[in-house]
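Presented sequentially are two complexes of chain A, the first with chain B as partner and the second with chain C.
Take a look at the complex of A and B:
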């Protein structure tokens, strides 16, 4: 027996109540969902615009009002690039070498540096970390002249090194990885020391696997910024043989008539970002997993 | 063998001296429990044995060899940390195997040991799981297995049961006692819980503010405490300690009292009182008894005879009375002689009001 039996709703009423509750919940979430959708559109639209323009004819690409998707779908922009007598494979190879070497170099410097800043004590640690942060905040536009002169003195201008060496120390990466290393409880490292692990083993077998999400974030940012770098090769190189893909894409724009052929340029951009997209597609599951991973507290 | 000796050990963190002039011998093969309030330096001592927080000065010896500054990986010790310190990205097997691999122990030996240890702690079916898919109790077993598989001379455990629920804690307590009986190696076990200390230890070391107050078997510590701190730390509820005269105090344990309606013949200290609070715990009942002068004492009885408001007489015999000086140090019969001790008993008896 329930003392409040007159307060209890019938099955019919319970169903109605839960329907109303769901509706209220939907209305409460609606504004937030709209904002999220707007943000997605804001980010995705330029991308969409690049891809759709890449498949438009020249006339359609400059038409007003612009068409939202190619009315006459064409691949001729890509064949136009092929016919333009630009050695794309060479530029592509340069981009791959520059990006891969820079990232390897960054890892070699970043991992020990982050370890030292996170888990070791040494004189002037605070000041030195300040220097790292400073490097993180100084834009390349401030340093390129002196670096150019340095590279010229070292007689490296005809090589790929001017595009690799200045990015060897990834200040953002050191900062991110240090944060991640700092979160690893001291006991875990002590436990590993009791398990006779060397400091190198501790970094490789314990700290790096526990910092997977930071590593992936850093590598992604690094890859995208080096792969897409335009300013630096523009000011550092004079020789086509050492220029990356971004510079080749630039040529597509120049080599038209007076008018800029946006459709061809966008086709070139699709070629440029394709590797980024392919890597993301293959890695996206892993990336999401890395971010969802949380260690034992 | 696994005997640990601390000789004149000191430890400071910056200018904060946490441990001073400490001497301690942990006998080979004993289950030694370091017990004391939080912050008294138990973990600090344990870390010195492990080599992960070396002494500021003094020596730590293991089987006569100075290990004060030896690397942790080169000592024959294994440690179970309070929060287990499991490697979260490794499977259970990899966790357990890590220390063996680093010591280049051959694969067949590793596999055999892992199999044996995991069978004994009940992890066999979880060997390929990641730790975050296991319960707190199972993670605790990983930490234990990881220590056992190394077959160390000395096991170090820092409050290993404090993150488990009450029931599992009692179960693990029994398992650890059993484990020690099997392995016969030295266990150094840190806890702030006097019940854990009493139930598991061969040897209890009671610490306070970086000093060792007393070392002895659970029986010695319980029946013959050195001072009021130990007397009140060990046993639950704590020993009743009351003023005796201008200088001294005296005490008796709640479970060493006879609570009756009439005075008991031969009892030394007999007081009239009223039951203020009754807590019936099943097998035993706790009472708060108030005397006419406002003092209250705890009493623990096996029978549940009285109710709040009942008038009772509290009786304590000669052998149940403990005396302490103004600093809280124990006054023992052997130290002061029969005559003076009799005088103390006389004073306590003189406070009877029945």
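Take a look at the complex of A and C:
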């Protein structure tokens, strides 16, 4: 028969074993955690650097060794941007219109295309899908001259359309959404058809709700790539009135002959990146889910 | 409600798209393509455009719309592309070697008839710009616009502390810069004496003409400086300065890191374009130092000589109506006024390139208050425009020099002799 002190001893023993297990587990995970932490720092540090530099004076932003945190915290860099000869609201408005319209256009084209490639049979389906993948691989630098000439012929160069129409068909989005649609069991679609659902209803009521994560991910990627696009607006526009925010940030970069004002430039980048970060914060869970669901994680 | 909101959103987007480039009123639009992406130069460009639109433009029904297009090379490519698409500018800035291809393509308008009609005096341009813009047949394809010249900038505060006087010759410059050079007990450099921003700058400015030679011979059939040892001397000296430690080789980051060293007292002097004068003055002031400016040094055994770089401005004929060309000319003429040249120079440091501006009252007053701002203008007396005496493959010829300098100064994998041999081999075909 156990005495009270025996019971205490065995409890103490259990605690000791548990502690030893936890320690062993901790030690086992430690190298992996260190690597993960290093990767997180690697990715987060540039953002941290951008934000901290945005609040430094010019001299502090260029001094060596650099300061990790602003010694003299200032908001002057943001007010300096406001005082420059740059119509920031106009560029911002253009960026919003270009990005929103392109994403809407992409969704309108991408959803039916992905549905057809995933769930319908038609002649030359494989070849046509190959064409989509080909479009995915051709960089804009190869196509911009012919597109520029097309847009000039259509008298669209003085509008926002040259920055929207060429991106209307998102090859990567079609590919990714097709993969997501393919994972939806055929039986669900068959039972919907038995209930007299049209193809449109199947897309709207079954495919899209079940692929919400993939949709948000694609939209997010599109948003980032269109919002941050610099090359395309530079070569495709000849009028400041139709240029996006990235072109305004470029003006901050060359704020002196050979002397980049890093603090002002980083303040501009904070303005540029802020919408992306805000949207990412709302969409991050869906993005992770989409990659997990598609087996890409 | 959701549907209503969606419809409103779509409607708003559609309306925005339609109205972004709304039809202009009954005005002649002058599209002005330039390379000023930001900073002091962009402020000057914007100021010129706004002032023109508010004055002459308003009076004559002309509106200038400025657009940053990219580097000089980007502007050339885009102008050539735009004339085929019919979306060409009316007025464009061009680099030194970008005028000739546009003349060959028949893109540019001859400015002489406009000058004659308006009594515009071409001889008012400084002597160093005479014969540069006029073709042999008398046609005028461009005007000077953002012309710059290399200057010797230094940290006057540190120089005064050391009792140094600004140098005039290359030999004096060596001694002057060596005086700044400081290393710690471990041999790490604390303060460099001199830095030159890039291979292009070195190559374009430290000219063999100071030693009586030239890059291209008068008959365009040879490159004398590669044969007579003058470029070898220039390259050897530069490498020696770097080897001695007091001269920092240019780095891959371009001139930005160099400026940062100058502004924070880690560098004594630089050779840089006059176009950066205002930025340098501002940066040094923020760093707590006073800027000193001296004329570009020359070899004592040679003669004072300085090259003139920068950009020009042209009127595009191809695709533009006579009315548009006339409107473009009005804008160019406006930029050539004493007031605008003065504002351009004061705002950036670019050369005020006319004779009359030296008698313009605000310019005189500015020079009196800021004597260093006059250095660039004064050294035009012995300046020569870089586009004088060039061959059609001048860009390729220059690139051969850049590559050689990269290996000599940055990578330090070849000697000065090998750099010259490399250039000879690469450029031989241009003189066959």
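By definition in this document, the second predicted complex is superposed on the first by the 264 of 297 C-alpha atoms of A that agree within 3 Å, B and C clash if a C-alpha of one lies under 4 Å from a C-alpha of the other, contacts with A are read in each partner's own complex, and residues count from 1 in each chain.
The criterion applied here is as follows: a residue touches a chain if its C-beta (ideal position, glycine included) is under 8 Å from a C-beta of that chain, and two chains touch if they have at least 3 such contacts.
Since the model is a prediction, treat every value here as computed from it, not as a measurement.
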Original post:
Does the superposition put A:76 against chain B (first), chain C (second), both, or neither?
Top reply: neither
Original post:
Counting only touches as set out at the top, which of chain B and chain C does A:190 meet: first, second, both, neither?
Top reply: first
Original post:
Looking at the overlay, does A:210 come into contact with chain B only (first), chain C only (second), both, or neither?
Top reply: first
**OP:** Using the superposition on chain A described above, determine whether A:104 touches chain B (first), chain C (second), both, or neither.
**Re:** second
Original post:
Which partner does A:60 contact after superposing on A: first (chain B), second (chain C), both, neither?
Top reply: neither
Original post:
So, A:201: does it touch chain B (first), chain C (second), both, or neither?
Top reply: first
Subject >> Chain touching more of chain A, residue-wise (chain B, chain C) >> reply: C
**OP:** Please name which positions on chain A make contact with chain B in the complex.
**Re:** 185, 187-188, 190-198, 201, 205-206, 209-210, 212, 294-297
Subject >> chain A contact footprint on chain C (complex, rising order) >> reply: 9-10, 13, 16-18, 20-21, 31, 33, 36-43, 46-47, 65-70, 78, 81-82, 84-87, 89, 197, 254-256, 258-260, 263-264, 266, 272-273, 275-276, 279-280, 282-283, 286-287, 348-349
Subject >> Interface residues, chain A side, partner chain C - complex >> reply: 57-59, 62-64, 85, 93-94, 97, 100-101, 104, 145, 148-149, 152-153, 157-161, 164, 234-235, 237-242, 247, 250-260
Original post:
Mind pulling up the chain B residues that touch chain A in the complex?
Top reply: 50-52, 71-75, 77-79, 81-90, 98-99, 102-103, 131-132, 139, 146, 150
